[in-house]
Amino acid sequence: MNHSIIDYKELRALISVGTSIIQETNLETICQRVAEAVVKYSKFQRSVVSILEPDGTLRRVGFGGLTDEQITKLKQMKRSTMEEKKNIFSDKFRVGQSYYIPHDQVSLEGLKSEKEYSPNHEWHPDDFLFIPLYSIGGEIVGMVSIDDPVDGRRPTEEGLLPLEMLANQTAASIENSRNTKKLQEMLVKLREQQKVVMELSTPVIRIWERILVLPLIGTVDSSRAMQIMENILIRISETESAVVIIDITGVPIIDTLVASHLIKTVAAVKLLGADTIITGINPEVAQTLVHLGVDLKEITTKANLSKGIEAALDITGLTVTSKDS
Amino acid sequence: MPRISSIDSRRSIVNQKIPILKIKDYLIVPIQVDMDDRLALQLQMDILKQIEKCNSRGVIIDISVIDMVDSYLGRILGDTARMAGLMDARVVIAGMQPAVAITLVELGLGLEGVYTALNLEAAISLLEELLDKDAA
Amino acid sequence: MNSDYRIEEQDKIEILEEKDVVVCRQACRNWAKRMNFNLIDQTRITTAVSELARNIQEYAGQGEVQIQIVEKDMRRGLRIIFIDHGPGIKNIKLAMSEGWTSHRGMGMGLPGAKRLMDEFALESEAGKGTTVTTCKWLPL
């Protein structure tokens, strides 16, 4: 009888599981599905999938063929470390990519098999079989522990091949999931930094009761223009201001998109019931605005910030007088 | 495919009339519900009738609790202001939320010719100013 | 193209009468709120939904709105699809142009909704109906 031949049905089923988990980004789901697939499609009736954590311990994550009590017990058990596994992952136990540890060689902590074995079984209830999960770079990222072969035989290189292929796909999925998470965290961080820079570069200052000033400096792109519009409107609403002065002395050039955002801002400020005054339009910007056909009738413009402030005070019913007069 | 149970969004839409309050020579219309199109059109008619009945010179429509103005409601508000104008009354829209203003502008509606004010108080000052100018 | 989207959750709302336009836009705002869209994006979404749901009610009488939380290229978005089996739009280019209107609204319905959303696709066949697929993405 040759039991070492590859079972193609098993192979196909396990590969299809491996392909389906590669898109999965949740580590827990990956491990659970692999553990269940092992029990469902291979001859092994119990499996535990563990992930190597940054602190060097192996966290048991996926469980197949185990009762809830057994799972709880396993989760409470002290996590083993890769350091402890060193004497197990040695060449003398190696079968293919896996490691088979007969019970009389090394004593390991684990769940006792509750099944009775007939004496002619090769597999002993306290035997262990581990398939390490290797990343593409050759690092161990986790481990699948399998137990209770239905035929009671010792594992062979060929017989383990389908499970090892699944293990490789599992390792790739775990790596993929971790990279995705890292990338997402980096993106969130980047976004936060961008936000801070944007807020710093668009300060809306309250210079007097009901008068806001926004000194714009530097290049304004579309997303910054949008941010400016939102900031101005929210600040007007919060402070119940009547006028906002946008000083663009520090803006060298303005393109169509930014000009249209500026016009939109003026229109939205009007809808809230406040006025906009634009100051400090330089010759280049004036040329651009006219060439773009921007209708400036709707917009109040003043030569410079101080003239703008005078006009704003006028709108709010205030005047500036000299002490002498 | 995942599916969640339908959010209980069928919270009752109040099918009542929007109240129109008369204070001195002004009408104040606080819109407090999310109106469907029929109710908005009804409100337009009610405001115009009330202007006629009370000889009002000014109307303040307070939309500070309205979280959305789409093109239909925008048109109703604009039309109401112009129609009231024909009846010699001024309309001020008060308290538009910043998010609503941005969305309206992006939608392409500037509500040209409609008076706006930050809040009820500013709206009353604006109306007094406008009516003084008319009297002069 | 649709296969790129992974649907996390979905629901649908039937548009049968005028009130359903309000029900629908309120429901969409709740979804947007739950997804943590900022207040301005919530308002953009609600307004676009109001325009497009009204179109269903006005031109086709009835139809349905599908609301989906989707994921694509690591971004999450709110996808809202408006389906009716009404008369369809004979001239899509005209319908998408500014200022065009049949009666209600100010002719800002379709082009306005397009500006408020990040994605906008209109399919229509005369006599068969119209489907408008829109999506708004959460900032990265």
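Every chain is named by a letter (A, B and C) in the order it is written, and numbering of its residues begins at 1.
Everything that follows uses one rule, which is that a contact is a pair of C-beta atoms (placed from the backbone, for glycine too) under 8 Å apart; a residue touches a chain by one contact, two chains touch by 3 or more.
Please read these numbers as outputs of a predicted model, since none were measured by experiment.
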Each chain counted as touching chain A and chain B at once: C
Distance-maximising chain from chain C - centres being C-alpha averages: A
Distance from chain B to chain A - Cα centre to Cα centre, in angstrom: 44
Centroid distance [mean C-alpha coordinates] between chain C and chain A, Å: 28
Geometric centre distance via CA averages, chain C-chain B, whole Å: 25
Set of chain B residues in contact with two or more other chains: 97-98, 100, 102, 106
Shared-contact residues (touching 2 or more other chains) in chain C: 40
Contacts with 2+ other chains: residues of chain A: 230
Chain C residues within the chain A interface of the complex: 40, 74, 139-140
Parts of chain A lying in touch with chain C, wherever the complex brings them together: 180, 183-184, 187-188, 191, 230
Residues of chain B that touch chain A when the two form their complex: 93-98, 100-102, 104-106, 110-111, 116-119, 122-123, 126
List of chain B residues in touch with chain C within their complex: 1-4, 6-7, 9-11, 13, 34-38, 67-72, 74-75, 97-100, 102-103, 106-109
Contact set on chain C toward chain B in their complex: 7-11, 13, 18-19, 21-27, 29-31, 39-40, 42-44, 46-47, 50-51, 54, 98, 104-109, 111-112, 115-116
